[in-house]
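Input: one structure, supplied below.
So that you can tell them apart, the chains are marked A, B and C in the order they are listed, and the count of residues begins at 1 in each.
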Amino acid sequence: MAHSGINVLFSGSNFDRLLVGLWTSIWIAALSIIIGLLIGTIFGVLRTMPNKIIRCILRVYMEIFRILPSVVLLYLVYYILPRSLHINWPGTWMAVLAFSLWVAAEFSDIVRGALQSVPLAQKESGLALGLSKMQLFLYVLLPQAFKLELPATINLATRVIKTTSILMLISVMDVINVGQQIIEANNQKFPTGVFWVYGLIFFFYFILDYPLSVWAKSLMAKQK
Amino acid sequence: MDWTIIQQALPAYGHGFVLTVWLSLVGIIGSIIVGVIASLLQYFKTPILSQIATAYVELARNTPLLIQLFFLYYAFPVIGWRMSSITAGIIGLIFLGGGYMAEGFTGGFQGVTDSQINSGEALGMNRFQLARYVVFPQGFALSMPALAANVIFLIKETSIFTVIAIPELTNTALDLIGMYYRSNEYLLMLVIGYAIIMIPVILLLNWLERKVRYGAFGD
Amino acid sequence: MTEEILKVEHLNKFYGDWQALHDISFNLKKGEVLAILGPSGSGKSTLLRTLNGLENYKNGEIVFHGKKVQPSPKEWQAIRQKIGMVFQSYDLFPNLTVMQNILLAPTKVQKRDRAEVEQEAHHLLKRVNMDQYADTYPRELSGGQQQRVAIVRTLAMKPEVILLDEITASLDPEMVRGIEDIVKKLSENDHMTMILVTHQMNFAKRVADQVLFLEKGRIIEKTPCEQFFTEPQSERAQQFLTDMDF
C-alpha cells in the first residue's frame, strides 16, 4: 500500500519540480549567507572599536535578533516593507533581506568574539611594524579570527539552510511549497504520496546539512 | 497605532503567550531528558543503542523542525498514526531538541581534560566511577553554554508551530493580521510578547551559567 | 661628533594614579647600543614600549631626529617604520609563512617593490641561517628560530633604531647565545642603533655601549657599559648587580 506512493515522486515532472524548488531554497540561503557574512564582519569589527555609541547600537541590533524567532523576522519584513514603506519586492528578495540581516547579527557576535580572542601581542607586533589599523585588521587580525570562527560560521550556515523551510510561509516557491502542491494534486491517485514527498524533502535537507556539520565538528576537534 | 485594536487583541495574545510558554517548557524538559539519555548511550558506547542514538542525533540536528512537524502531522496519519496538532508539536520539538541537547552534553563530556581523567584513573576509579564523579559533573558544567543556547533556540522554534495551526503567539498574530488586515499593531504585540519571554530567560540563563561554572570550577 | 638620533625629555607616565615613569630623560646616538637594566617592575619594558608608541605618556617629549613626536596614532604609525621592535614572545603572525611575515610590512606599509624586498629577505634569512624555512609556518619552528625570523621581519623594514624587549627571555638557554650573536653582529657590522631591555646581564655586557639603570620608574644612573659592570656609580646599582650574582 505505502510503497505505491513512491510513484508520485516520478510521475510527470514532479521530481524536477522538487529540484527546482530546492534550488530556490539553496540560492536564497547562499546569497543571504554571503551578504550576511560581509555585513556581519563589518559590524563585528565595529563592535571591537572604542566608540561606545556604535557598540551599543550594534549590541542592541544583535540582541533583537537573538530574541525574535526567524519566522517573526520574516513576517516583519513581509508586512512592513510593502505596507509601511511601500516597497513591493518579490517574496524571494524579502526572504534574502530578512535572512541577511539575521546572519549579519549572529555573525557580528562571532567575529567580535574571535577578534577579542586573538592575543593582544599580535596586535602590538603588527602596530610595531607600522601597519595601519585597516592593514592590521585585513592582514593579521581578521585572517586569524576567521580561522577561529570557521566552525561556528559553518554551523550558522547549516541553520540558515534549515531555516529556508519557512520560506513557504510567505509563498515563496521553495521545495516544501512545491511538495505541498504535488501532494494536493496527487492525493486521489496516491494517498500515501505525502509520506514519500515529505520523506524526500527531509532527505534533501539532511544531505545538504549533514556534510557541513561533520566538517564543522572535525574542525572543532582539530582546534582543541 | 490604534490602542483599541491592541486592547481588543490582548486576551487572544494572552492565550497565545501562555501556550508558547507551556509548549516551550514541556519541549525543553523533554529535550533535556532525551538528550541526557542519548548522550549517555553515546558516552558508554552501548552496542547498537549508541549507533541508534548517533543516527538520531544527526537526523534531528540536520533537518528543519518544519519538515519534522509535517511528517508527524500530515504523513503519519496515512499509516494510521493520528495525533492532535499539539501532540505533534510537542513530539516534534522534543525530537529536535533532544538531538541538540545530546550534542551539547557530548561536547561537554569531551571537554573534560585528559589530566582530570588520568588523575581519576590513578585513584583506581573504574569506568562508571570515573563517569559518575569526574566526567559527568564537569561535563554538564562545561555544556551549560550549549544548554543555554539550546533553550533559547527551542523557545524560538515554537513559532514554527504556526504551520500546523497551533494557536501559540506567532499563530495568534498571523491569524489576527489575516482577519483584520492590521499589521503594525499585531506585529508590535508579537515582538513584545517574545521580548517578555526571552529577556528574563536570557538573563536567567546568564546568571545560571556563571553560577554553575563557579560551582564546578571556582572561576 | 656622532649624530643624535633619539632624545627623551622629562617623560612621565601614569597608570591611573600610579606613576610608572618619573621624569625620564636620556639620549641615544647613531650606532649606539643602550641597555636598560633594573629590577622587575622598574618600568624598563614600559619605557621601551613608550618609545614605540605602544604606551601613551602624560607629559614630556620624545624627539626623533631633532623633531618632536606628536603623540597621535598617525604620527606613531609613520615613526614605527623607522623604530622597529622585537618582542619577548616573537609574535610572528601564525596565519602567514615566514616569508609572508617578512614581506607584509615592507610591501603593504612601505609600498616597496615585492621582488626587491623578497631578495633582501632571503639575504637576511641567510644571515641568520633561516633561509630554508622561508615557506614554513611559524608554528613549525622552535622559539629560537621564530625569534630569528622576528628579527629579520623588523630588519626588513630598514629601521634606524631597533627596540629589543626581553628577546631572549622565553628561549632555551642554548638558543640564547645564537640570538645574542645576531644582535652583536648587527651592532658591529651594521652599526645598528639599538635599545634593549633584558634580565640577562651577560647579554647586556656583551653588546651594550651604555647602560641605563632604572628603579621604580626613575633613572638612577646612565653609565658606559664597561664601567657599569665594574664600578657602578650608585649604591642601588651595586646592590642590583650583587643580587644578580654579578
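Throughout what follows, contacts are C-beta pairs under 8 Å (C-beta built on N, C-alpha and C of every residue); 3 or more make two chains touch, one makes a residue touch a chain.
Remember, predicted model here, so these are calculated numbers, not experimental data.
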{"item": "Topology of the chain contact graph, where touching chains are joined (line, ring, star, complete, other)", "value": "line"}
{"item": "Centroid-based (C-alpha) most distant chain relative to chain C", "value": "B"}
{"item": "Distance-to-centre winner among chains (Cα means, whole assembly as reference)", "value": "A"}
{"item": "Chain pair that, of all pairs, has the most C-beta pairs in contact", "value": "A-B"}
{"item": "Whole-Å gap between the CA centroids of chain A and chain B", "value": "20"}
{"item": "Inter-chain centre distance, chain B versus chain C - centres from mean C-alpha coordinates, in Å", "value": "55"}
{"item": "Separation of chain A from chain C, taking each centre as the mean of its C-alpha atoms, in whole Å", "value": "48"}
{"item": "Multi-partner residues of chain C (each touching 2 or more other chains)", "value": "none"}
{"item": "Residues of chain A touching chain C in the complex", "value": "119, 121-122, 124-133, 135, 139-140, 143-144, 147"}
{"item": "Contact set on chain A toward chain B in their complex", "value": "2, 5, 66-72, 75-76, 79-80, 83-84, 158, 162-166, 168-169, 176, 183, 191-192, 194-195, 198-199, 201-202, 205-206, 209-210, 213"}
{"item": "Chain B - residues contacting chain A, complex", "value": "58-59, 61-68, 70-71, 74-75, 78-79, 152, 156-160, 162-163, 170, 173-174, 177, 183-184, 187, 190-191, 194-195, 198-199, 202"}
{"item": "Residues of chain C touching chain A in the complex", "value": "52-54, 73, 77-78, 80-81, 84-85, 87, 89, 91-96, 104-105, 108-110, 150, 153-154, 157"}
